[in-house]
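Same chain, two partners: chain A is paired with chain B first, then with chain C.
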Partner chain A sequence: MKVIPTALKSVYLLVPVAIIMAFLWAPPAQVLGDASRILYFHVPLAWVSILAFIVAGIFSIAYLVDKKHTFTGLDEKAYNSAALGLAFTILTVIAGSIWAKISWGVFWNWDPRETSIVIILLIYIAYFSIQGAMASSENRGMVGSAYLILAMVTLPFFAFLVPRIYPSLHPDPIINADRKIFLDDQMRSTLAVAIVSFTMLYCYILHIMNRMMKLKKHIEEIYHDAD
Partner chain B sequence: MTLIKTRVILPFIVLLLFTAGAGIPADTAGGQSITMLAATDLHAQEIQKPDQTVSHDQEKKPEPSKTLYQVMGVVLIIWAGIAFFLFRLDRRVAKLENQVKIK
Partner chain C sequence: MGRDILRNIQKDFLVEFRSRFALNVSASFAAIVTIAISLTAGGVPFPVPVQSILLWIVIFFSAMNGLSHIFVREEDQATALFLRISVSVDSIFISKFIFNQVFMVIILAVVTPLFLFFLQVQVQHVAYFIFSIMAGGFSIAAATTILAAMVAKAGGKGSLFTIISFPILLPVLWISISSTSAALSTPPPTGGNLLFLLAFSGFISVISFLLFRFVWLDD
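Now for the complex of A and B:
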């Protein structure tokens, strides 16, 4: 059981490796030059934010299916994953805005992809508002889980469909409609390492957050029993 | 209470710092001016493959500029801070877990 937490600690090595590869090993892109290196941070951040929201949705489905509560704290795990997803989405927007400033000359121009990411952000901010408002309600987990599942269903539309339907300045996804990767081998491997390391970072932080959640519940139970 | 606060704020602090560092654009566009990129795919950014007829000496990549090393240094320092924070948090949680189990 200790294998996974130990494997997650590889993040301490993987992230610096990804950073060094992104800055020194990967060649600069032809048009943007060295500024294009933000690709190795922006794309993994975007990937992890989508992953986090999907994981939150899966935890929510598990919470609703598991009526006997065999697994404890599934709704809180979903909450943690959604929190991480929101954080990563904000960071994706920040990294994307910097990239937009360099390549388009403005931080924000309401491009379809920018608009869709704002809608995704609003959807998940609303989730946290609902969770905050229902802090003392017994149905908090149920309502939150149902909301997260609905939010997960909307993700493919906003993240993948909308930017393809409307003309956009945003570069195509790395794996685009032609199913080709327009990156050379060094860029591709750097991007792969960056994606793996950011995914590990997400898993590691989620693991710590879930442990803290368990610990909090356990301590609350101890105090409750003492009363 | 501190534990709850840390749980809520943790992802934001950790990741905001990280992107703040990663997002610093190296103002070195390989010696060329940065142009408005209205390309619809990364094809336009694809690296020019070296000409097959070029000798090995000419195929060498240009040396990364000083600014690139500086930016990488900043990002690595920020990562070191985040890693230290995560490591310490992990250890504290592990310690608390052991204490609670003992009791």
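Now for the complex of A and C:
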């Protein structure tokens, strides 16, 4: 039982290490200089935004499939993951627009990846709008889960479409078609540590949120039993 | 099942065309927005891409005003529970899906001629234009059937339907705008966009059909 929380506590070490590596150890990029250090925050934030969306979608599928309610609170876990995803998506947009201003001179220009992250942001907003509108309804979990699944299955259409509609200004992918890596070893390892630490941070906060949800339910049960 | 579907469609049409509430709201909205655009433009024709974008914005918001009504009405009039216990989930989805498709065709039949008339749109490829409008409308109605059920469950609150529909319908709007632009331009268009719309409609209809029971039935 303690293995997962102990592993997650590594976040206390990983996040400071990632920050130190990003600011002090990794060399500045040739063209962008020190401004390029935002890469070590923007890319992990974007990764976690999508990871949180996928995790929320998986919890939603599990919630709908698990008709006998063998596992409790799956819909609430999906909600917690989406809440974290929304926070990380907003941070991704902020970090991305700062980087865009430094690199391209404008905060926003509907680059394919900017467009994709905005679509995910809109999906999160729509999901929370439904959840908010159904706050007192017993069907909140079912409807919210169905919406997340519906939104998740339409994402491949966006992946196909967006690059065909908007030309990209983004730098080449870290691993390109020639399988060559454009970052040097120090930059690459800093980015890897940052991605792992942000992923662990997401898992850690999600774990805390899920535990809080469980405790809240437990307290409510005790309160109702006392009545 | 077939008889249930037919009976349900017949009931929906009777109820809708007795009050014509959703139809009146959608058609009036389309007319007002189209006239407002034409009036503010002062009769000056827009470039082709702007015409396509405006057309699909008018279609999208006109549809948003009417398509959710099919489920919201059931909840408002407290007939949803009766429907739940008397007709199978699959029959309800199919009948509402068909109703929304017919309703969308009516909206398109009102919006498109109005738009062509007031905004001086010159259609270069008439058949392709009609197919684009129909395929885009089909996709919108296909995707919004289950979303309408969700909104009805949420109490049919205000603009919630538009908020939850927009992210799902974005690919449809993009492709519909692109194919409409192609129909209004001189170079001959290709059928890729129409195929995409039909593929999207088929895919979203199947997923909606599978998910509908979770939305419609109470936990």
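To be clear about the criterion, the second predicted complex is superposed on the first by the 208 of 227 C-alpha atoms of A that agree within 3 Å, B and C clash if a C-alpha of one lies under 4 Å from a C-alpha of the other, contacts with A are read in each partner's own complex, and residues count from 1 in each chain.
One rule holds in what follows: a contact is a pair of C-beta atoms (placed from the backbone, for glycine too) under 8 Å apart; a residue touches a chain by one contact, two chains touch by 3 or more.
Note that the coordinates shown come from a computational prediction; the quantities given were computed from them, not determined experimentally.
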Combined model on chain A: chain C and chain B, fit or clash: fit
Partner chain(s) touched by A:Ala35 [first = chain B, second = chain C, both, neither]: first
Contacts of A:Val15 with chain B and chain C, given as first, second, both or neither: first
Which of chain B and chain C A:Asp184 touches, first, second, both or neither: first
Partner chain(s) touched by A:Phe158 [first = chain B, second = chain C, both, neither]: second
Touched partner set for A:Gly73, first chain B, second chain C, both or neither: neither
Partner touching more residues of chain A, whether chain B or chain C: B
Chain B, chain C and vertex chain A (Cα centres) - angle in steps of 10°: 140
Chain B versus chain C as contact partner of A:Ser129, first or second or both or neither: second
Partner chain in contact with A:Gly57 - chain B first, chain C second, else both or neither: neither
Lowest inter-chain C-alpha distance for chain C and chain B in the superposed arrangement, angstrom: 21
Shared chain A contacts, counted only where both chain B and chain C touch the same residue: none
Touch list for chain A against partner chain C, complex: 64, 119, 122-123, 125-126, 129-130, 133-134, 137-139, 141-143, 145-147, 149-151, 153-154, 157-158, 161, 165
Parts of chain A lying in touch with chain B, wherever the complex brings them together: 12, 15-16, 19-20, 23-24, 27-38, 41, 45, 80, 83-84, 86-88, 90-91, 94-95, 98, 102-105, 168-169, 171-172, 174, 176, 182-184, 187, 204-205, 208-209, 211-213, 215-216, 218-219, 222
Touch list for chain C against partner chain A, complex: 146-147, 150, 153-155, 157, 160, 163-164, 166-168, 170-171, 174-175, 178, 200, 203-204, 207-208, 211, 214-215, 218-219
Residue ranges of chain B in contact with chain A within the complex: 3-4, 6-8, 10-12, 14-16, 18-20, 22-23, 25-26, 28-32, 34-49, 61, 64-65, 67-69, 71-72, 75-76, 79, 83, 86-87, 89-90, 93, 96-97, 100, 103
